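There are structures below to look over.
Two complexes, one shared chain (subunit A), two partners (subunit B, subunit C).
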Partner chain A sequence: MKKIHKNQERNLTHALFVLPSVSLYTIFSIFPIFLGIYYSFTDWDGIKKNYSFIGFRNYIRMFSDKRFWHSVSFNLRYTIFLVLGVTLLSIGIGLLLNQKVRGKMFFRAAYFFPAVISALTGGLIFNQIYGKGIPFIGELLGIGLLQKNILTSKVGAQFGILFVNLWQGVAIPTVLVLSALQTIPQELIESASLDGADSRQLFRYLIFPFLLPTISIIIILNLKSGLMLYDYVMALTTGGPARATESLTMLIYAQAFDEMKFGYAIAESIVVSVVIIAVSVLQIHSTNRKKVYE
Partner chain B sequence: MTRKRIRTIGVYTALIIGLFIIAIPFYLSLVSSVKTQSELSRNFFGLPVKATLENYFTIMQKGDFLPALSNSFVITVVSLAGFAILLPMASYPISRRMGTSRIYMMLYYYMLASIFIPFQVKMIPIVKLMNTLNIANRWGLILLYLAGSTGEGMFLMTGYLSTIPTDMEEAAYIDGASTWQVFTQIIAPVMRPITATVLIKNCLWVWNDFMMPSMVLRLREDRTLPLFQYAFQGEYATNYPLVFAAFVMAMIPIMIFYCIMQKNIIEGMMSGAVKG
Partner chain C sequence: MRKRWLAVSLAVITALGSLTACSKSDDTTVETTAESTASGDKDVVESSTSSAESVEVEFLSQKREDVDLFDEILADFMEKNPGIQISQTTTTGSVSFSSRVASNDVPELGHVYASTAYRTMAEEGLFLDLNGQDFLDRIPKEYIDLFTLEDGSVFAVPVNVNAFGLYVNMDIYEEQGLELPKTYDELIANCEKLKAAGITPFAFQFKDAGALRQCFERYMSGVVDHDFLKICEEVGLEGKSFGDYSSMVEGLEKFIALLDYADTDPLGMDTNDLADSFANGKCAMVMNGNWGASQYLGLNPDLNMKVILFPSVTGIDSTTVGTPDMCLAVSAAASAEQQEACLAFIRYFLEPETIEWFAKEDKVPSIVEGVVYRNEELKDISDAIENGQFTKSPTLGWANGYQSTIQGELQSLIVDRDVKAFIETWDQFTKDVYAQQ
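Moving on, here comes the complex of A and B:
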């Protein structure tokens, strides 16, 4: 009798424990998704009382929407550069920091710091530097190319954003690489060196395999962040010049609330999200592989 | 020997160049913030000839900074308090019962799904929802943070709990302790390290977030620090020293936080990167 009472008490308490989190999550994370799917089949402008169902027309319209594809192509190109840049830089810096250097902890702390400030602050600081600092050097040295704000040219703006993103985005991957490097048994490296392996061979056959799981995590994290690019664009170009840096997230937001294509914008966001979800599934896969590896 | 020395010099040179690239934007923010506009246009990179704190006074006078600081502070602290209470509470039953109970198993996967769902897919309906419910304000934003952190937080916490043996709890139950007592006196203390990790990671996320507040918050008096910086830069774009001073002021809290908790912050942010 007492035991039954005890079980009841436990079941009730457990249910009450999960209730707040589950309901918040359901209302603010799951419900909006279904709301979005529903609206994506309508022509609602976001304000009017009435709207009608138009089936898949929003989804079909996307295929011939040049502006949408322009953003897709910008995001894809940007993501490729971001992934390559972050991966190579973080491996390079990680290897450097893993050498026997004095003040290793100081360097690690300093290299990590850009990750702590907000992307927006980073973007805005560089906005000022691009606007005033680099033209200042250009004038001083008489180099015409540097005298203009690079954010005013279509290509320059894309690389201007990418640079800030790398400046901040390399920090966490570098520390990840560093901690992966520290899991390599020192005896292994020593015995390979004794056997006459040079540093290139060491990297290729010993260090690289150890880094592989970490590298795959870095690639996937940055694929995601490249596809979701928003803060840097807002801080540096707000999509310009001439929409050259209009990222998908920006486009979706602008179309939903400024251009009154609410249903259509949601349809776009669903398509983009399906791609990002596919990438995330890959991430969990590779993380699980990492566990097996350890 | 000489080859080794060249190599060492190379490593240090590269590391120091990297250090400069990281430090220059901060250096420029700091020195620019104490210059006058006319000095900055003559001397952008050098130290100021005559440092002035006037830009900082001007910002304080304009009166938007302190409210933004306090908004960011309130939003972050309340969210963190919510995380600290809600996440361990939800993780405990799920972790202990998902092995035997179908419902808790399903709950686990249901909550975990959020790790896969990008913000984009819900961003526009959420803005609409917040406006409809009339909570497009600081409190609504806090609810969004609480809802948005559950997946990852619970993933990390249930993972941690699964490594903790159940002997202590079982013994306490046999001694007649209630579930609430077991949770507050045994489980919550045991979970402290993982709770700290989750809190640090979320603290930086909430404090630094720009996207959600920019979409949800409508009123000027609700602005957080990132929104303040954004608006300030938009308004005074050509007054470079003033704008830099605003960035410096906005960065000071996080710099202090980093100096004190550096080791925990690095660990916290990495744990999220690997597992989330």
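Moving on, here comes the complex of A and C:
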């Protein structure tokens, strides 16, 4: 009886400790979510106090909205390139940095450096490089191709953003790959080598299976990052030229705050959220699988 | 299992929260953070002092270039009115203002425009009715009308009007022995001569979609067809096509033709790059509003420039095009003391000494009665406004959202340079936006 009372008291203490955080989280995160869901069923323009409940009309309209599908298409293409790029580059760089070479620590620091600056800062730096640095070099060397700002063409701008994202995005995955590589027992590699395995076979049959859990995390993190692309676009192109780089998050922002279609923009954000939820669930599932391997 | 479900639920809530909270709780940090983006769309600076005993008022300005001017004006006002404390929050673009409205947090004193969005806000009763205030007598009625609602209430007081023109580097023109162009053909002839002399005739800031839209709509309204707004409405509401109007086609073709006289890609430069280019004599001409003058002269005080009316493209009489620029509105939700403080500030701001000093520093033509200051560089534009050679910007009448839509699409015209294809797209999105009203 005394023990039960003590447990209740302890639970109450714990509850009181978490109460402030839970209250704040409820007010500032959970309540706006439900408010957002509610507004997605209205034609609220952000100004008028009188708005109508229009059911699923915003969601239905979305399916015939070319601009929305253009953004979906851009985000999907971008995400594929980002995931492939980050995964392959981080494995490649991780393998190279795992070699016994002189100045190993310097290279590791150099590859990690982009991770310490924010995406927006990185974007603004490259905005200057693309706009002034590279054209200046192009003029000096007389190379016509370099004299143009890459962000001024529809295709070039997409790759320009992707490059900056890869430059920054590869840093942490490289560290993850490097740490995964260092967990591979050295004796396994040595015995495989003694059995005559060449470097390709070593990678395919020994190293790669050990890297799989890490690769799965890298893929899922970058899937999310690609779908929620905003900072780089904002810093480099603000969605241009001619909406070629208008990502879903840029579209939501523009439609809410520039075009005053808050209800519709919130409906779009709900749809994007559902996709991200699916990815998040996948991420949690994948993380748990990793624990099983361990 | 329970833990897994808990984790999944938390992930769901986090993901939802990251995107759905762009409703009422958004932008609460605007007042106290200072951050810059590439487009400069959300630059916020706050300078304030407060006193527990004073009436505190927030002034939300949308003109970043005027931060220092208003700091000085506010400091002087507060010195003369010790019971009032006004803090200035500055933001570029209307995003912060609309997000403040969406979150039911209208600043006590706001810098607004005459566009449809602000009129809608006024119709919702967000601003105090200024009708009957003595200071309105000093503003021409035609400008007050832009802020007058159907019930006769006036939601803001405009103090100046921005205008658009062709900036010319007079040193380059004089060196090359060129005359200021009066027709489009003369302009092209000058461009050819400059090009032959190895001088870049034009530079454009079309990386900034907003600047491109501004250039385009003012060019179309001022020197192509003064009924440009009416044409947009006819296409949007009556099923017509921009291709049905010969002036529109001619205007588009001649707009595109100008791009051949810029040496770099027009989408490669933003407003700051353009300022650097023009102020340092790297190009002979730019198209811009009068707000550019202070920036160019700030970069190069010795710049010998002149702003003239852009030559007529279709044979109509050229006009400059603009909108009321600095327009002040008072929040209806502010307390009576705060509203009084705001009105006191407006009265002080419109005093001849203050407004004349502001006009001189800001270089935007004042519309306040009795303000005689003229910027020499902008004399032609100021004279044009005074002589009635002025067309109101179509942004004042465009449907909500049209401004943002057209500026994204216009970059296609610059990239593809295909007038026919652009007209098809233009027709479509015009009809779409107007259909949603």
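What we mean here is this: the second predicted complex is superposed on the first by the 281 of 294 C-alpha atoms of A that agree within 3 Å, B and C clash if a C-alpha of one lies under 4 Å from a C-alpha of the other, contacts with A are read in each partner's own complex, and residues count from 1 in each chain.
Everything below uses one rule, namely that a contact is a pair of C-beta atoms (placed from the backbone, for glycine too) under 8 Å apart; a residue touches a chain by one contact, two chains touch by 3 or more.
Everything numeric here is computed off the predicted structure, so don't read it as measured data.
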| query | Now for A:152: first (subunit B), second (subunit C), both, or neither, which partner does it touch? | reply | second
| query | Who touches more of subunit A, subunit B or subunit C? | reply | B
| With the two structures laid over each other on chain A, which partner does A:254 touch: subunit B (first), subunit C (second), both, or neither? | second
| request: Look at A:242 in the shared chain and tell me whether it touches subunit B only, subunit C only, both, or neither; answer first, second, both or neither. | output: second
| message | For A:219 in the superposed arrangement: first (subunit B), second (subunit C), both or neither? | response | neither
| Looking at the overlay, what does A:72 touch: subunit B (first), subunit C (second), both, or neither? | neither
| task | Check the residue A:266 against both partner chains and state whether it touches subunit B (first), subunit C (second), both, or neither. | result | both
| request: Report for A:49: first if it touches subunit B alone, second if subunit C alone, otherwise both or neither. | output: second
| task | Identify the partner contact of A:136: answer first if only subunit B is touched, second if only subunit C is, both if each is, neither if none is. | result | first
| Touching A:128, do we find subunit B (first), subunit C (second), both, or neither? | first
| query | Looking at subunit A, which of its residues have contacts with both subunit B and subunit C? | reply | 28-29, 32-33, 35-36, 39, 46, 120, 124, 127, 131, 228, 234-235, 249, 252-253, 256-257, 262, 265-266, 269-270, 272-273, 276-277, 280-281, 284
| query | Quick one: in the complex, what on subunit B touches subunit A? | reply | 8, 11-12, 14-15, 18-19, 21-23, 25, 28-29, 32, 40, 44-45, 86-87, 89-90, 92-94, 97, 104, 107, 110-111, 114-129, 143-144, 146-148, 150-151, 154, 173, 178-180, 183, 204, 207-211, 214-215, 225-226, 229-230, 233, 237, 240, 243-244, 247, 250-251, 254, 257-258, 262, 265-266, 269-270, 273-275
| task | Please give the residue numbers of subunit A that touch subunit B in the complex, ascending. | result | 6, 9-10, 13-15, 17-18, 20-22, 24-25, 27-29, 31-33, 35-36, 39, 46, 93, 96-97, 99, 101, 107-122, 124-129, 131-133, 136-137, 167, 172-173, 175-176, 179, 217, 221, 224, 228, 230-231, 234-235, 248-249, 252-253, 256-257, 262, 265-266, 269-270, 272-273, 276-277, 280-281, 284, 287, 290
| message | Under the stated contact criterion, what part of subunit C meets subunit A in this complex? | response | 4, 7-8, 11-25, 35-39, 41, 94-95, 98-99, 101-102, 117, 120-121, 124, 126, 207, 209, 264-265, 267-269, 273, 400-401, 403-405, 408-412, 414-416, 436
| field | subunit C-touching residues of subunit A, taken from the complex the two chains share | value | 28-30, 32-33, 35-37, 39-40, 45-49, 120, 123-124, 127, 131, 135, 147-149, 151-154, 228, 234-243, 246, 249, 252-254, 256-262, 265-266, 269-270, 272-273, 276-277, 280-281, 283-284, 288
